[in-house]
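These are the structures, in structure tokens.
Okay, so chain A shows up in both of these, paired with chain B first and chain C after.
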Partner chain A sequence: MDLSKKIVLPGEEIDINGFKQGNGLYFEDGKYYSYQLGLIQVYNNFVNVIPLSGKYFPSKNDKVIAKVIEIAPSFWVLDINSPYPAFLHVNDTPWKPASGELGKILNVGDTVYAKINEITESRQIWLSIKEPGLRKIEGGHIITVQPSKVSRIIGKGGSMVNMIKESTGVKIQLGQNGVVWLDGEPEKVLEVIKILKFIEEESTASGLTDAVRSRLEKSR
Partner chain B sequence: MGMQSDIKLIDENGLRIDGRKPDELRPIKIEVGVLNRADGSAYIEWGGNKILAAVYGPREAFPKHTQNPSRAIVNARYNMAAFSVDERKRPGPDRRAIEISKVISEALEASIFVEQFPRTSIDVYIEVLQADAGTRIAGLTAASVALADAGIPMKDLVVGCAAGKIDGKIVLDLNKEEDNYGEADLPLAIIPRTQEIVLMQMDGNMTREEVRQAIEMAKKAALFISNLQKEALRAKYEKGEIQKAEENLNAEVNKGE
Partner chain C sequence: MSKGSDEIVYGLKRDYLEKISSKGTRIDGRSPTEYRPIVITPNYVLRAEGSADVKLGKTRVLVGVKIEPGEPFPDTPNQGVLTTNAELIPMASPTFEAGPPNEDSIELARVVDRSIRESKMIDLEKLVITPGEKVWIVYVDIHVLDYDGNLIDASQFGAVAALLNTTVPGSRYGLEDFSLPVNHVPVITTFVKIGKQLFVDPSLEEEEVSSARLSIATDENGNIVAMQKGLSGSFTQEEVYNAIDKSIEIGKDIRKRLFGR
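Coming up: the complex of A and B.
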């Protein structure tokens, strides 16, 4: 049976064919079933079901774009577009503000590009911005896309996103949580938003890179 | 149930007042992803029933004391629009709507992997726009499609059907007249893969043997409806995506000329 690229529904039996059970599958009475709507993917001997919809579920070392929603004495509370809020402690930032003055560095509504540092057993999410490339985001536009489509937007080895960047000259920062930061000329940014929505809708189509290339060439 | 009338619900040819055979379903149509704001949605037309289902979440449960540290809570809200029945229905939750919301929540919870999302709630809104008997099951059927559309992990798509007794005969999927003037109505919902019953209620009177017969009938119909659910989901997500992309590409090329 050809496993890859098949759409499965919750409860659909999957013959894993000697591969190992990956994400998105459950085991019952000697058989494997999909537990969500998604595409089957075989990777490193593991069979996974890649969701086609749904919320973002954080995993360690993901890089996300987060928005400050609350300030506590020694940490910030941030929204990362998932069911749970995330926390950023002062010790995990390059700054050393006086206690109680966190608002001077990051205020409510500010955005950061951060890494998921730790997820505790009770689903507390701790972020960090102590790594090159991670920073406070200033200016630009924020849009959200389906988190499961982010890898499609990046493309193989970044081919898709680099093509868009080169063609339009817009700076793009993608968070695994489906939040995208764009900065450039307003018309170009609007063009990129259209293209991202196109990729999101057509994410299961083959030959998508070519379709996007022809769109970019047309708009130039 | 229980209303008296001289109407014969089954004619001399053994057909029902809408011309159906005893084991025949009303026509069913399911559409997926009809609402943009919701995380998942579905619309169902089941005979004269027209129902919208929307799913939000998993999201942080509010108020905070409702959160469960070990699993997600499933909040279904069944609501009938004021214009959904002949005589205006007084808006807002009544005893009946609260009961139906509860049994639907529990039926869906049996299939959802709630332990994956501690402290969250999964909210399901079922809005009945037009009612014609069997709305709880139609609403539940649409809700489980909406849950799949929202990407929520679950064992299987919960599906249901009703069976009942009219003019002394066991029949499938009662309509409004049959529900009002018949002898019994038995809505049933199952997890199709295991055929585990997740919702069963009964209004009226039937013998033990009749109940057994009604359950068998409703289960068989539910398995058929389960396929309609799957087709509806596939229609949205498969939609010949590859052809569609090619068509778009061709359209782009032609425009460029």
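Coming up: the complex of A and C.
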């Protein structure tokens, strides 16, 4: 039986067919059931249920785009579009501000591209920007998409997002949490926003890359 | 936490919108005086005396009208009574809280009320049953179902659409049914200022980054019937005059398109 691309309802039984139990499933009385409304995906011998929509659920080493919502004496509190706030300690940044002067580096409303460094047992999320590529984001525009659709927007090996970047000349940075940073000409940015919304809506369709390519060519 | 994380705006979103606004460009590609698609369904609630469902882009508002006999105010014994109420329910936005009305819902109700009252849209003098004792009381209830900016315009269009299709339920009280007597059709137009540019019908993103807001209601004769200024920013005299001219123009178009008047 082809498990992939089947949409399941919460509580629907899933025959995992010799594969291992992945995310979004639970085990009861010898059977597997789905936790959420989502799409079945088989990956590396694991069966996962990818939710059709919902908040971002953080996992370690994800790269996210985060917004500063509060400043504490030695760390910042950030919103990562998840049920829990995230924290960024000064020691996990390349900067060394004097104590109590964190606001001079990152103020409320500022945006950073960060990595999820650690998730404690009590679901405290600690971020880090001490890695090449991670930084404070300046300029450009921010939009949000469904976090579960981010991998579809990236495409296999980045094929989809690279195609959009090349065709429109817009700089795109995707956070796993569904926050997307765009920088370029306003008309082109608008074009990219429309294409991202199109991918989001049609994410279950097959031949999506071709559909996006033809849209990109038409708009040129 | 003083402000919820949803209420804090991405700083670079603000910069970006201000940057592109200098060329008169909007984030969704509209022109500065262009409304989002408006869909109005009158008589949406069959059991109400009048109602309308308004979709303005992704903003959605349901307006219901209820009419009951009651006592007039002592200073206006020969007039019916108009009461407007707005409810911002938590379902519509993560930033709306349940509980007693807050500043925003009171402002929304009052601005909609003012445009209807001051335009003399409803002929309140025809809503008298026994002078000084019994008159018809018109309740306009605004329910915001989905919030994506510009609640004032969506609610006002909904209230007008609902009142234009309202029947006074006389037969329920041993009198005769009649259509609500309407004299004028006021239309409100809301502008926001981003950078140095004015834009009509702000989306949620635009509302979040705007410095000032101006709502102007006009009637079919081009009279200004109500105004409301919001937020802490300011307008120049020239901007206000321009906004008034545009609101009369847009009002004419919307009155024709939506209400056929």
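The rule is short, and it goes like this: the second predicted complex is superposed on the first by the 220 of 220 C-alpha atoms of A that agree within 3 Å, B and C clash if a C-alpha of one lies under 4 Å from a C-alpha of the other, contacts with A are read in each partner's own complex, and residues count from 1 in each chain.
Going forward, a residue touches a chain if its C-beta (ideal position, glycine included) is under 8 Å from a C-beta of that chain, and two chains touch if they have at least 3 such contacts.
Model, not experiment: these values are computed from the prediction.
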{"item": "Touching partner for A:Pro186 - first (chain B), second (chain C), both, neither", "value": "second"}
{"item": "Chain B versus chain C as contact partner of A:Gly158, first or second or both or neither", "value": "neither"}
{"item": "First, second, both or neither for A:Gln36, with chain B first and chain C second", "value": "first"}
{"item": "Partner with the higher number of touched chain A residues, chain C or chain B", "value": "B"}
{"item": "Chain B versus chain C as contact partner of A:Pro85, first or second or both or neither", "value": "both"}
{"item": "Touched partner set for A:Leu208, first chain B, second chain C, both or neither", "value": "first"}
{"item": "Contacts of A:Gly169 with chain B and chain C, given as first, second, both or neither", "value": "neither"}
{"item": "Chain B/chain C common contact set on chain A", "value": "85"}
{"item": "Interface residues, chain B side, partner chain A - complex", "value": "39-40, 57-60, 69, 111, 113, 117-120, 148-157, 191-193, 230, 233-234, 237-238, 241-242, 244-246, 248-249, 252-253, 255-256"}
{"item": "Contacting residues of chain A [partner chain C, same complex]", "value": "67, 69-70, 79, 85, 107-111, 137-142, 181, 186-187, 190"}
{"item": "Footprint of chain B on chain A - complex, ascending", "value": "7, 9-11, 24, 26, 28, 33, 35-38, 51-55, 83-85, 122-123, 148, 202, 204-208, 210-211, 214-215, 218"}
{"item": "In the complex, chain C residues that touch chain A", "value": "1, 3, 5, 8-17, 20, 23, 25, 27-29"}
